[in-house]
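What follows is a single structure, and I will ask about it in a moment.
All chains are identified by letter, namely A, B, C and D, in their written order; residue positions are counted from 1 within each chain.
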Amino acid sequence: MTTELREAAGTSPLRKALETTTMELNFGPQHPATHGVYRAVLQLDGERVVGIESIIGYLHRGIEKWVEYRTYTKATPIFDRLDYVGAILNCHGYVGTVEKLMKIEVPKRAQYIRVVLDELQRIANHLLWLGTHALDLGAMTVLFYGLREREVIMDLFEAMVGQRLLQNAYPIGGVRLDFPRGWERACRNFMAELPHRLDEYETLLSSNRMWLQRTKGIGVISGAEAVALGLSGPTLRGSGVYFDVRKCIPYGSYEDFDFEVPLGENGDVYDRYIVRVREMRQSLRILQQALDGMPEGPLMPEKLSKIIRPPAGEVYFSVEGAKGQLGYYLVSDGTDKPWKCHVRSPSFINLQGLEKMVVGGLVADVVANIGSLDIVLGEVDR
Amino acid sequence: MSDEEKPGQPEPPAASEAPKAPEAAPKAASSPDPTASPAPAAPAAPKPPAPKPAVPPAPKKWEPTGEVVVTPVTEKLAARFGDAVQGVKSPCGEAIVLVKKEKLGEALAFLKSDADCAFDFLSNLTAAHYPVNDKKFEVVYDCYSVAKRHAVRVKVALDDGEPCPSAVPIWPTANWQEREAHDMYGIVFEGHPNLKVILLPEVWDGHPLRKEYPLGGPKEAAIRADKFAKPGYMPDDLEAAERIAEEGRRDH
Amino acid sequence: MTFESLMTYVGWPLIKIVILLGVVAFCVAYTVYIERRLLGFFQSRVGPNRVGPFGLIQPIADGLKLILKEDIIPANAQPFLFRIAPIFAIVPAFVGFAIISFAPPLVTGAGVVHPFVVKDVNLGILFLLSITSLGVFGIVLAGWSSGSKYPLFGSLRSASQMLSYEIPLTLSVLSVILMAGSFRLSDIVDAQSKLPFAIPLILAFGVYVISAVAETNRIPFDLPEGESELVGGFHTEYSGMRFAFYFLAEYANVVLVCCVATSLFLGGYKIPFVPYETLLAAHPILVSALGLAVFGVKAVLFLYFYIWIRATFPRYRYDQLLRIGWMVLLPIALLNLFLVAGIKLWLLR
Amino acid sequence: MPGALHRLVRMMTFPELASGLGVTFKWFHKPKVTEFYPDKRPVLPYRAKGRLHVDLETCISCKMCERACPEDCIKVFQPPKEVFKTDKRPVQFFISLEHCIHCGMCVDPCPTGSIHHSQEFEMASYLRNDYLFDRTTLPYDLDVKHFKQGILENVVEKGQ
């Protein structure tokens, strides 16, 4: 019951007749729109959301504990399992952390190869996100188109590192193998094709009045609020805050490349959507430059001991993951096993922003907002 | 434990070796490797002693190596808080300060509000467990300034059970991260609006990321210690391995 | 009562009903197949193609699976209402076909006329509108009796959606009735001998298409089931045969809407540009067969458009949907009705 | 005023919806991308990490793979000392595909290139024990000529 009605009713018997309570709706953990095992307990007044409590942890696998029992090298593949649609970026984050701690100089060619794979992975992630987000809002065809393009990227990964989803792409220090024959040509073909496909998605969504009605002005979060809530990645940039790890804290020779950081204006679902779509185009620019300016040289540093034994100390290193700032806090005690490894997973922290976005909206907007956050529950729960 | 052996050389025949001691158990009650010296270069690490001592020598404190990095921010903090702020060595050139617990809330608020610091973005909050140090726990705040593009790490050392002031009033993003640290290490954050379990089930014994907590939980540790020599799937003894494989085949 | 009259009033209608039920059920099952197949084509994949040649036996396999599945009744449900609700949904959807004439009447040698319709009611359109509105009872009952929150939401949405879109739908159909001057479906089809009503009544046709999509709960108006929000909407808790009833009812409604649109706006079984009489002179059976084929082609084209829309558009939100119904479609339908009435009164007198 | 009129015309004529319909209609006619998997077998790139395979004849039982495996799915048993001097082939070699995550970390350190991923990717089975490979089962369940090429390519690449 709205407050106005309640006040109008006063203390009369009418009030008793009009008295309503909120309704509790279990949104998840098995719900098609929660993108995994995420549970939100919604307090509803009719279809309007008045409260939300997030319940997570259904996919907690204790990866941070697990890592403490493995050597630095052996721990690499487990981080692919965090964000399983952006696995290469996770791997880059971890090996980058160890390299920073040990002050390993990664050869330039290896860095460029990493940039190529990273950006391909970012595009793959955004394509899958675009499809699922559109599917949440009812546009099912975009999902299949997005998967179709993603399939090409997966094939490229398979040809390059042998795996499609959980690649274990980088060893500590560099990359394993160079591009196979014909890979660059295949990659360039894909890069030439993708902008047209992106135009098609934008034709289907960006100007569609139904899409605009569903996304414009929904889940608005201002830039200051977003920074205070620690949001990062496209979710933060949708609110117009210029923060991209690739630009602000450059790593892996990202400072060599000329690209823009797309920003939104209102911080609503539409802005978060359009920022990601533009980011794919920027990723293509980076890819183009990286492939064109690929330096020659070794793939692994010359002096690298087989056993990774970093000096005692701590390090925090972050990369621009597909979902936001993906940071690793690593403590070494001088042995060959990490003393502690904490993952600052962007999905986990971005999910905190959901409450601010959905309260006051409708049930259908909860779906739009969860989609616009681009969470992966493997990363939320670790 | 075979990880510690030098690679590239074939091992002596395993069959002649006595079954190794269960690894899960000693690792669970783990302490930092006594042989690990804070030497910066890996090749200088001494070889482990050949016979494993029954009682490990007194564990050494965890101490970072490297240099203390001084930046304008740490200078400003030192000027403002004096002795309560202390630089921490970093092996890779990061600005780290250790703040006394009493001054922590003040220091964080200062970092957020001061015009020169302007740390509006708390990128990471976590805790760490050092069972052999004087103060067993550390809470780590990785602050970043979106406007000024600089970073500093603030740490605070705590005893077991000692409460830590919550950073939620300063950075709302600390909310879930403090809940997670509470789950994993049992650190109590004073002034947190909703300090309850977040990742673990609501009824859960212990705090899994503490060092004394065995991998897989106490129950699994008992099972593993009983059945397998290490968290692998085959014993080192060839006959036993063959038997296990054969038993597996017979089950069908 | 002679055998002749018995056949006229009981025998023939019964035979027709049985034939119609069979044919409609077959068509509905294959509508599902066609939809999946076409959706696949729109989405750059091939759709179901594993069961039988080109996946043609897929509907039968689906039906078998649904029949063999366990019929679950949730603990919180009200068992009696829960059990009978699907019947409320499926019966109106099938009854509606009774008044549709699929082909020109077959005139046999002795002057006996066999119409291709179960009963050509003279208030056919009214009957159709009232019967199809009953389908919402099945949905509301399902939502209420499931004892679960998502179905409740779905049924509430569905009820309000049906209410809001029934009015523009009816108004758009009224303009057709004004043009034809009769409520009888065969008269309306006859009135379109020269020109299908879709061209002069373009506004009414548009309103009809949009409200028909909303009435049949399909994207972009599939709020009652919107699987990403309400899991399955009103049929979340149903399984097995009862779920199949809802499924069939939904697609029967789709087919019905296509048939009605063909009759009302696209000229029904009339063959465009070919005079009826010349064909009749050739052979009466040819006329009926051709008429049936033309009707089918028109209906399938309309269905194609329906599926095409589903493949392209996202979903509206609940409040936006209601706003469109009341604020956009209703005024347009009213305006169109007044225009048609005015034209009819003053110009075509 | 012309702006408002333009907007009204746009609102009533649905140009953007029509262009959206055009996109889906375009793909309606294009060839489909579905792979007809069991009928048409995919050609995997030679780096594809299929089932682990060991060439027991060239293996020198150095246990490098066993040590590198993060999931402990490999177990190598060396021959007794006196035999080992002359014949370094392993007496027993266990690979548990149940635990293998196909990360390829055992392949990197192998000095002889005898452990490698094959191109075999259809590993489904009803029995868990079909996933435990040992000396007797390793050589057989494999289409040898299928991945011989893969080994060569891998060796060539390592030499680069």
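Heads up, the rule we're going with is that contacts are C-beta pairs under 8 Å (C-beta built on N, C-alpha and C of every residue); 3 or more make two chains touch, one makes a residue touch a chain.
Please read all numbers here as calculations on a predicted model, not as lab measurements.
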item: Of all other chains, the one whose Cα centre sits farthest from subunit C; value: B
item: Chain occupying the most central position, where position means C-alpha average; value: A
item: Computed distance of Cα centres, subunit D from subunit A, in Å; value: 25
item: Distance between the centres, which are taken as Cα means, of subunit C and subunit A, whole angstrom; value: 44
item: Distance between chain centroids, defined by C-alpha means - subunit B, subunit C (Å); value: 65
item: Separation of mean Cα positions, subunit D and subunit C [Å, integer]; value: 50
item: Multi-partner residues of subunit B (at least 2 other chains); value: 3, 7-8, 231
item: Residue list for subunit D, restricted to those that touch at least two other chains; value: 17, 20, 23-24, 27, 33, 109
item: Where subunit C touches two or more other chains, by residue; value: 42-45, 311-313
item: Subunit D residues touching subunit C - in the complex, by the definition given at the top; value: 17, 20-21, 23-25, 27-28, 30, 32-34
item: Subunit C residues within the subunit D interface of the complex; value: 38, 40-46, 308-309, 311-313
item: In the complex with subunit C, residue positions of subunit A that touch it; value: 23, 25-26, 31-33, 47, 134-141, 144-145, 148, 204-205, 208, 210-211, 213-214, 362-367
item: Complex interface listing, subunit D residues touching subunit B; value: 60-64, 66-67, 72-73, 75, 77-81, 84, 88, 91-92, 94, 96, 99, 109, 111, 127-129, 132, 134
item: Of subunit A, residues touching subunit B in the complex; value: 56-57, 60, 62, 64-66, 68-69, 71, 100-101, 103, 227-232, 241-243, 248-249, 305-316, 318, 325, 327, 329, 331-336, 339-340, 342, 344, 348-349, 351-352, 381-382
